[in-house]
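The structures come next, written out as structure tokens.
Below, chain A partners chain B and then partners chain C, in two separate complexes.
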Partner chain A sequence: MATVIESTKPAFRIPWETFLGFGLLLPSMLVFLVFYYAPAVFLAYISFFHWNIFASQSIFVGLSNFQILFKQPLFWQSLLNSLYYAAVMVPASTMISLGIALLLREGIRFKRGAIVRSMVFLPHVTPIVATSIIWIWLFDPQFGLLNAILGFFHLPQPGWLASTHWAMPAVMIYSLWHSIGLYTVLFLGALTTLPRSVLEAAQVDGAKKWYLFKRIILPLVSPVTFFVIVLATIDSLQSFSQIYTLTGGPHGGAGGPAFSTTTDSILIYETAFIYQHFSLASAMSLMLFLLILLLTLAQKWIADRFVFYR
Partner chain B sequence: MDAVSFLGVSKNYGAQSVLCDINFSVAQGEFLVIVGPSGCGKSTILRMIAGLDHPTDGTILIGPSDAKHLSPGERNIGMVFQNYALYPHLSVYENLAFAMKAAHMPKARIQERVCKVAVLIQLQNMLKKKPGELSGGQKQRVALGRALVREPSIFLLDEPLSNLDAILREKMRVDLRQIHDQTQISTIYVTHDQVEAMTMADRILVMQKGEIHQIGTPEQIYAQPATLFVARFFGSPAMNTAQIILHQNENHWILSSPNHSQPISVDNSKMFNNRIHHEKHQMNVWLGFRPEAVHEGTGLGISLKVTVFQLEKLGARTHIHAKWGSDTFVYLLRHDDALPRIGDDVMISIPYCELHWFDQAQRRISLDRPVVAGNFQKLPVAVGNTWEA
Partner chain C sequence: MSKYLLTVLRILIAVFFIIPVYWTFVIATGSRGAAYSLPPVFLPAFHFHAMWVVLTQTRWFRYLFNSVLITSITILSVLVSSIAAGYALAEVRVPGKNLIFYLMLGVMMLPGQALLIPQYVVMFHLHLLNSYAGLILPFTASTSGIFLFRQYFMKLPKSYREVSRVENVNTWTYIRRVAVPLAKPAVATVTLLTFISTWNQFQWPLIMTDTTNLDPIELALTHYMQTYQANWRELTSASLLALLPIIIVFLFTQKHIVAAVAGGEQGGKD
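Coming up: the complex of A and B.
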């Protein structure tokens, strides 16, 4: 009987909608292919060469780029800087944005809530380079607003961007200011979709605020928390513009005093575009990619155990 | 001492009034059902008892204390939500234990209580499952168990059976009433289903548009509805109602309808004699009678000639839909009675004692006493209730 039904349909005929669908997808697929995947593959390719812009003069050198890399103390320091930056940025931005989202959610019923929400999101849509230049002035040890405030309270006034210890924290402060808006909006979205009756049931069950947060709200927003953590990890390991602009990029020597803010991405940029060593930079990029991949997989592994999907 | 009392409670959302001057109380161990159409404010009452909403005006007493100063957790209330509101990320055991863990009760005691309740709700084998793996009826029972396990002094149920199928609903109705009889916890049960109200309640509170229409036992509500709304809301099929004009003609009364040309003489002077005051020769009233009070043929009481236009055969009985002018009436015949055919003119009669009268404002009037126009009691006119203003 089944054959009778099948025979009414010609075999292997692809409906024209399929062609139409792929046809409509083609422009965006081409953009991705040309500007995203092809360069990525090409990058992996040139990391095995002593690359010259005149491609015919490039020499295949196998893994020696990686050998050079691993013997470079600066490479290891840049990795450490990157990890330091991520280790502070990821938990800080996740916790602060969740906190702000909880506060805003309480105030969501007020008419001015919308204004506050857009004010929190606003920094995220500003251009990084432009606001970084403004923050250079805020961080200025002598004339900056930040040290003026600290001085008013008789607190120590660090040198910020000019100090080997404080350059990185300064960059972190700016990055938090810039990135928290996005995460806050993501958390707010998750909080507003929480089933109201479940929260009310917990209230009737006598859950106080902290217990309610710990046992009900946190588990229920955990998918978004996971998403934010992954996003923040990738974002912080790839951070470039603000570090470049804040720590001397416009004057030619990005990376802070004594390489204190030379993260992996800064080192890659300098190796490639200042020292013109493209293949070495490609090898570093590949290592950064592997690092991010490993971290994300580890996070996924953890998330599968702790994230609750409704 | 009453378990819960509402003293002049009102609730407004902005300019919109949801509840208006609500007064009632629930006795210890009583099963009160609040019933009314959706949007009448019955859930708001429940939420105010739970402390999830707050009255704009008036006082709510929970036991002896003013509820204003009690947080939801301090009111010792067990609440079952319409959509169950189980904690989706916790197992059944953790759902049941949640309130006691929040109160830092020792683990052994939590376990003992959870196991006891699990037996009561017949979910001993499901304790490790997550709510997502349960059926609707099982979720319902977990929600019930979660409310019971705290051994609350008040038990609140917000349309708990409306998401269940018909068979399960009937079973749960019996189970719920049984649990109440075992535990003797004061229970307030909100529903829009008059059958649930009639079958489960010690007392019923009927609401519409934020006002209480009547509070009384199921028998009182059925036999002496305080308003036309209550009369139509209870009973299936619903009470027949018609607008009637009563004329006084010499010594007897004539009953006619704006929807009907043919007047009907009311022979019975017993009924109206001296009972409608004499200065008034005409009265507009609502007449109501229950389908089950109708007899075929002429007999004692009012007799009407109606035209049958539809028959609904339900096996044991048949619902006969008939027209009287442009009013439609329903009455019942047993399956072994001779059925009329569609289009037949049939005489029906209703005994005087089965007639319900309502004034133009749709409030019950008792024709035992003279009625003076414009001098009605303020709503609620609660007939035979134990409530005191």
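Coming up: the complex of A and C.
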């Protein structure tokens, strides 16, 4: 039937379909091009100019934005802070979420396991500022719940967000609380689809639990592990909202105390929107862009060697 | 023995993740000064006075209106644009389809933080700063939404399309009456995910507006942080009010949300 229709109007069927197709794709493509690809190209352009958003002229200054940037100690410190944050967040969130997923795996078929899973997942969908507010109070050195618990066990009570050493760990604890649910659910998905026959065969052969985990479960979930690591890396290098809110952004001083939580994204925000140095901020953005790209490529290279794809 | 230990561990984990939300409720509805009591008060006192203050003596409903407006228009636009593009990728023969496909994938690879500065400049030149349009337009297309609908439309039997072609049903009617009703789970998934991401938006409105008239709730909360400083009951009441819609939606759709976030394609199973 269809062939008959095709043969009756072959002349304008294809152009019309092309027209229709592009018409349907147009809204999305327009949004992607105008608000994402154009800025991406634009980013490289602004980085090499002395740029003022309110004046129409911009002067080509070559690499001088980068030269200025590299002489700023704060730039290097923000890079270190970001790497410190990512270096803790990526392994911590990967291992903790895998651990929780293993713990919940058996219970997931019953109602109780599903409830725990939902509770672990809930923080991930909560708005960051709304939940950061209560965490600021939980972290309060004097009246906070956290220090009350630590005090109950006679453990040292750090100053958390008020201390230069503990502000970053406090932010990390919040971020772990907020993000682990997602990774746990991803791991759970992989664990519930493990081939039962392989696990049972190993058990029949008398494999110990640790051996089972190391030699069978770990390789079988490695594609998800890789995915989680990439996701966590990209996510932690771009964390902004929780650092901004927890470290006093609403009061005008995000990234404190004493720049101890000034990560790259906080510094970019402050350079551009508080100190109005757009060229410098975009030079930093370009560095961040390249850093994320480089890390993703490196991880891909590693994954090609160690990830076991079924 | 170790079985009980594991159960205790599971309960501890659940408590760790749920306690901040519970604590927001405890502080918000506690009696005056309860936030500052040592040792802490662990039970809520159900005093809703502070919440009443936030609702009646601040511009809460203005912020709520902004959030609802921005979220609902974004959801509708994402649905329309994703259905259209998903249909085009699945059913229509378009030249250069692969290139378009990769362009869409590429959007997901662009690191958002690195793009904010040039995006701000683009918004400035389009005169979209400080406008609802500026808060909505950049989020009216979604790669994951497009791919989800594409997947659903590709699974539809070819005969449906052929029958409707024979019956002279036009494409618009086919999409509206046949394709979309059969992709209802995808509609639900895209709606839920867009709702969560839009309602929770913070950095974009923070940068793109400098008037409080346009602020959605999540951004308005930072103003409450300035005004209420140490009034923890009012402050946590505000954050509880901001949390409430998300928590209610989550309670009713948790299975679907978990599946949707864990992998768009699994969202359609129930």
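General observations
Here is the rule we go by: the second predicted complex is superposed on the first by the 286 of 310 C-alpha atoms of A that agree within 3 Å, B and C clash if a C-alpha of one lies under 4 Å from a C-alpha of the other, contacts with A are read in each partner's own complex, and residues count from 1 in each chain.
We take it that a contact is a pair of C-beta atoms (placed from the backbone, for glycine too) under 8 Å apart; a residue touches a chain by one contact, two chains touch by 3 or more.
In this text, all values refer to a predicted model and were calculated from it rather than measured experimentally.
Superposition of the two structures on chain A leaves chain B and chain C fitting side by side, clash-free.
When the shared chain is aligned, no partner comes close enough to touch A:Ser260: not chain B, not chain C. Using the contact criterion defined above for the overlaid structures, shared-chain residue A:Thr247 touches neither chain B nor chain C, since it reaches no partner. After overlaying the two complexes on the shared chain, residue contacts for A:Asn65 are found with neither chain B nor chain C. Contact with chain B, but none with chain C, is seen for A:Leu220 once the two complexes are overlaid on the shared chain. The wider contact with chain A, measured as residues touched, comes from C rather than the other of chain B and chain C. In the superposed pair of complexes, A:Ser78 makes contact with neither chain B nor chain C.
When the two structures are aligned on the shared chain, A:Arg117 is found in touch with chain C, with no touch to chain B. Using the contact criterion defined above for the overlaid structures, shared-chain residue A:Ala130 touches chain C, although it does not reach chain B. Taking all C-alpha atoms of chain B against all those of chain C in the superposed arrangement, the shortest distance found is 16 Å. According to the touch criterion, chain A has no shared surface contacted by chain B in one complex and chain C in the other.
Of all residues in chain B, those touching chain A in their complex are 50-52, 71-75, 77-79, 81-83, 85-89, 98-99, 102-103, 146, 150.
The part of chain A that touches chain C in the complex is made up of residues 1-2, 5, 14, 17-18, 20-22, 24-25, 27-32, 34-40, 42-43, 46, 53, 100, 103-104, 107, 114-131, 133-135, 137-138, 143, 145, 148, 177, 180-182, 185-186, 188-189, 234, 237-238, 240-241, 244-245, 249-251, 264-265, 268-269, 272-273, 278, 281-282, 285-286, 288-289, 292-293, 296. Looking at the complex, you find that chain A touches chain B at residues 195, 197-198, 200-208, 211, 215-216, 219-220, 308, 310.
By the touch rule above, chain C contacts chain A in their complex via residues 6, 9-10, 13-14, 16-21, 23-24, 27, 35-36, 38-40, 80-82, 84-85, 87-89, 92-95, 97, 100, 103-104, 106-107, 109-122, 124, 126, 137-138, 140-141, 146, 162, 165-166, 171, 196, 199-200, 202-203, 206-207, 217-219, 221-223, 225-226, 232, 235-236, 238-240, 242-243, 246-247, 250, 254-255, 257-258, 261-263, 266.
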